[in-house]
């Protein structure tokens, strides 16, 4: 189980391939969140709470590995100023069967969205705005 | 939307990164199926039905793009003799929000498992055996 | 004349991947009955139709679907791709 | 003395990322009341507690949880990571 919190960019394809290499799993799922530009975005600024971030993500990953039979799990989350198109974060899960890998990846994403201390701010040409939490993200937790 | 049926190996990380490059999406999901070795496996032999394969996968991808708002979808499936550890197939989906990307990827997988004309045979040191279809795979279709 | 294709263990039991068959069968089920009457290897391959699938011109179909106008029939076990 | 941390727009409204506070507040809710009484910028930041979250020693907690023994309190809006 690997957790990395970093400002540096990463190549989600290379990370996914490195994650899967050598695992005995038949099923590998990756999710990657990218900076989307709905128009006029200069950058996404991501603030986090050092110390609590690693602790919260570690607890979420531990819960996922307790619920599903995983051969591996990976979480990478960036902070700082990210230009459009760059990856913000990724999760990867590996399991014997696809249902477990998919469920664990969705669980990790749902909890990372609402329980890991990151805050996104959109920097536009005309100003800045904190991204508001979506009710749908909080609601997503109730299915687990 | 890209569909490839091939005997050649592929690098699922590189394919995933190439798929995501240039897409406006915030969410990219990949699933990769690998040849798992439960012990003593020499190779996995995958037979398919040329012509029907491309037709069936095309119909499944079309159904997924009709159901979800996708910016892109990719399916690669191999046939022939594959050694343990190599990728058998992958799907990738890209969408604005993660729920759509996850659902479309799971839908593609469920239908590819049971509706695309591929058959797996395990080649072991002591003999060969066709992989039996799992009831769980057929049952998985009922949720869509 | 119709092209009949076999895959996976159906192909192995029958011993060939495809053949052209002269038939006036109205449905895949009728065609299976004609083949089974020919030789034991067909009887072995088609012993349990519930374990088999059929495609007509490369689309999954029912064993009771009409064969009229169909050029290619394929018999195979449930798919195990993915 | 307790370390109080602020993140995102809470930090921006209060104008600093962290401070040490002399307090005998029993809960985060009591601590907020003390801060709000100090200056308008705190009142602005804490105007709607339902829009805020609190962590005690880096674990999410309730605004009515006991502060006894806690060394670090953090206030912030709902998380938007992922």
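Going by the order they are written in, the chains are A, B, C and D; count residues from 1 in each one.
The rule is short, and it goes like this: contacts are C-beta pairs under 8 Å (C-beta built on N, C-alpha and C of every residue); 3 or more make two chains touch, one makes a residue touch a chain.
These numbers come from a predicted model, not from an experiment.
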Centroid-based (C-alpha) most distant chain relative to chain B: D
Euclidean distance of C-alpha centroids - chain A vs chain B, Å: 23
Whole-Å separation of chain centres (CA-atom averages), chain B against chain D: 48
Where chain D touches two or more other chains at once, by residue number: 82
Residues of chain B engaged with two or more neighbouring chains: 33, 98, 109
In contact (per the touch rule at the top): chain pairs: A-B, A-D, B-C
Complex contacts: residues of chain B adjacent to chain A: 11-18, 20, 24-37, 96, 98-99, 101-102, 105-106, 109, 136, 140
Complex interface listing, chain D residues touching chain A: 5, 7-9, 11, 55, 58-60, 74, 76-82
In the complex, chain B residues that touch chain C: 33, 46-49, 51-52, 55-56, 77, 88-89, 109, 112-121, 130-133, 137-138
